[in-house]
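Here come two complexes built around chain A, the first alongside chain B, the second alongside chain C.
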Partner chain A sequence: MIAPYLTAKTWLHHVSAGWKLLALAAISIAFTQLTDWRGLLAAAAAVLALYLLTLLGHWSRLRLYTSLLPLLVGIGALQAYASGWEIAIASIARLAAMILLADLVTATTPMLAMMDALSPVLRPLRRIGVDENQVSLAVALVIRFMPVLLNEWTKRSEAWRARTGRRPPLRLLAPFAADVLRLADHVAEALESRGFSIKRSQERNQEENKD
Partner chain B sequence: MFDTRDIVRISLFAALIAAMGLFPRLDIPLAGGVPITLQTLGVMLAGALLGPWRGAASVLLFLLLVAVGAPLLAGGRGGLGVFFGPTAGYLVGWIPGAFVTGWLMQKHWPGNLFLRAYVGALVGGVLVIHAFGLFYLAWKVGMSLRQAVVADFVFVPGDILKALACAYVASIAGPRSLNVPKQPS
Partner chain C sequence: MPQSGDGKIVLRNISLARQDRPLFGGLSLEIAEQRVGLIGDNGAGKSSLLRLLNGLLLPDAGTIVVHGLETKVQRARLPGKVGFIFQNPEHQIVFPTGAEEIAFGLRCTGMPSQQADTAARAFLAEHNCAGWADTSVSELSDGQKQHLCILAILAMTPSLVLLDEPFSSLDLPSRMKFMQMIAALPQQVIMASHDLDVFADFDRVIWIDGGKIAADGAPSQVIAAYRQRCIDSIGRTS
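Then we have the complex of A and B:
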């Protein structure tokens, strides 16, 4: 699997995640205002140049987007046929530029920094009873559950293969889903018996807010 | 709003959606190489098995992880780029998609669990998601709605099959998860 974050350091790594996200938002708004195809093509070329210069030596990253290429070509062809080639070029350039720019932010920002930048955005969720601690617990659980799920499914499909000699059918998903739901309940019990409780962390937050 | 058990289940289904992106493709890549994956099946299952709120929260959690850079979408894609792409509408549509699936499933309609889950998955997991995807595609790329429908239609049969699979799984695994005793809150 290709990790979107690039560990090699570039100048963009040193810019804080919050600024990068703000810049991305501002530029994306600017791009939707721009309609002239020449301007958009120039902007896309500038973004591509920035992308290539920043990620010098890591251009293989562009390979991630090969699956997107036929889609862009298809959209372009459909638009050129229906609304003329100027509009087709304009929309493809706009899409490509925004995708590259957003990818540049992802490539140069570690996941944790991105989560930190997002936490002021998550804070208002407290009002409806979701606090950031719950979100970070959930994120940690997802990352932990993925290999567990894959492992459980592999066990089942191998058992199926050994007994039938055929590919596991989708039908196998039903007992699998029931079993992993039970597993989830065990995890929840384990968390609570070890003193982790949502209520308690919420009370703690309220006390902090009082101070 | 959510207790510990809810949080764990929400995380579990977010992980399930993620794991379904890693699966050896069960279906054929149609339509110009755009990968068709099982991930929407995960979305439908989250709605059907967890109910509207927890199902939607599960999808939201998954998309949050994708947005901050985890390569969890099919084909190892992730990061903010996907939310600026032409198909971002489908991804965002997953949230109401899971919600509507769960909501319809919980309605006490005549018919057995399978039928209710099938209707829920068809409306929530196919109709709602495709509607979001279509309107976004049409708006973002500036094509007419009819063109977008043409481009979109290739994916409908596969998704109808996924709705069937979701209904099957939900009708077997469902009763257990739907009849959880409410914890006093």
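Then we have the complex of A and C:
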């Protein structure tokens, strides 16, 4: 679930990004270990309560989840058909809880703080020639541009509907993909023009390594 | 304050091909004026020329020196001296809040993160935009987004600001406010725009046509010549 940062301050805003990411990872692992549907349902209810209490007054954010509902229902139906309703409930509860937790972290963590927390964790990637600053920037970019991309898709769909009166078909994905690539080009130019480039980032790393 | 520079831009015998099509062939140009406008049809080479000046594009042949920096040799130092404002602020804003957007540019110049955050907040306050520090950029109007983009560039204290059709998404009040802001900048400004009225108070306007300089001089004369060419070309096609 990718939704914007919540600028109104909650208690979770004051917890450091590193602790939040660590807790998110630990709880997510715990959720994958839980298999009993009753336990998972109770845990998911606890997560929902935490979510609602933390984002008190900002529950309209939950509206963003309506687009996810068909996906959850689909997964549930498939699981119920293939493995029975207990497993279906367990899967949905696990997925919903993990999405809510991830959203709590995104809603209460500034992007630069998230990047700073991720960079040291990703540092070992340097050994295989991957720059951690770029990976953490990539994560930040995904979060920032998801609403922009959704908006672009809406515009494409509206243009299609206006001309045909029908729902947008899958083949609309091809021009949309072209839009996304064009957007990526623009953003890369904007980053480069402000001095964030692969070469500079590598030079910085080399300088840090020398120190 | 803007960084010092000799304030001069020199292009010598520039060649550049885009998508295997030659755009500039032996273009030479010197710019020392504080306010310079670029006009011309779509695809004439305005955006490419601006991109050559901040090193986003490098010439296939020839040299470009911008405020003492040779773009081919000192490309990495250009972002500290040359700020670039794009057509669509949505493409330029990378972070979800105002303070982060400003701080990112400062961090790119090597400033430590904590210091960059403090400086970004102080910079916004200095420009009467303290309220944007923790505001989600998605809540800003198009005019405010473009305003934030220019603040993010100014925070990096460039000596030259390039603007590539910055008005296309702005309504009239935002456009007027933005022009007022540009007029007050201490930096050298080079701007490409299809809105010819904005160049009235500029020192110089250059009309680019098919990668060549079609006219160059005082805004009133160059713009009049361009308008006339447009009228003539409509007459020929109708």
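Just so we're on the same page, the second predicted complex is superposed on the first by the 118 of 211 C-alpha atoms of A that agree within 3 Å, B and C clash if a C-alpha of one lies under 4 Å from a C-alpha of the other, contacts with A are read in each partner's own complex, and residues count from 1 in each chain.
Basically, contacts are C-beta pairs under 8 Å (C-beta built on N, C-alpha and C of every residue); 3 or more make two chains touch, one makes a residue touch a chain.
Values in this document were obtained by computation on a predicted structure and should not be read as measured data.
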item	value
First (chain B), second (chain C), both or neither touched by A:138	first
Chain B versus chain C as contact partner of A:7, first or second or both or neither	second
Chain A residues touched - chain C or chain B, whichever exceeds	B
Which of chain B and chain C A:159 touches, first, second, both or neither	neither
Partner chain in contact with A:45 - chain B first, chain C second, else both or neither	neither
Partner chain in contact with A:111 - chain B first, chain C second, else both or neither	both
Chain B versus chain C as contact partner of A:79, first or second or both or neither	first
Contacts of A:177 with chain B and chain C, given as first, second, both or neither	first
Partner chain in contact with A:193 - chain B first, chain C second, else both or neither	second
Where chain A meets both chain C and chain B, residue numbers	4-5, 110-111, 141, 143-144, 148, 183, 187, 191-192, 196-197
List of chain A residues in touch with chain C within their complex	4-5, 7, 110-112, 116, 140-141, 143-144, 147-148, 183, 186-187, 189-197, 199-200, 203-204
Partner chain A, residues of chain B touching it in the complex	1-5, 7-12, 14-16, 18-19, 22, 26, 32-35, 45, 49, 61-62, 64-65, 67-71, 75-81, 83-87, 140-144, 147, 150-151, 165, 168-169, 172-173, 176-177
Residue ranges of chain C in contact with chain A within the complex	51, 54, 56, 76, 79-80, 82-84, 86, 88, 90-97, 100, 103-105, 107-110, 113, 117, 134-136, 138, 152-153, 156
Chain B-facing residues of chain A, complex	1-5, 24, 28, 64, 67-75, 78-79, 82-83, 87, 91, 95, 98-103, 105-107, 109-111, 114-115, 118, 128-130, 134-135, 137-139, 141-146, 148-150, 153, 170-171, 173-175, 177-178, 180-185, 187-188, 191-192, 196-198
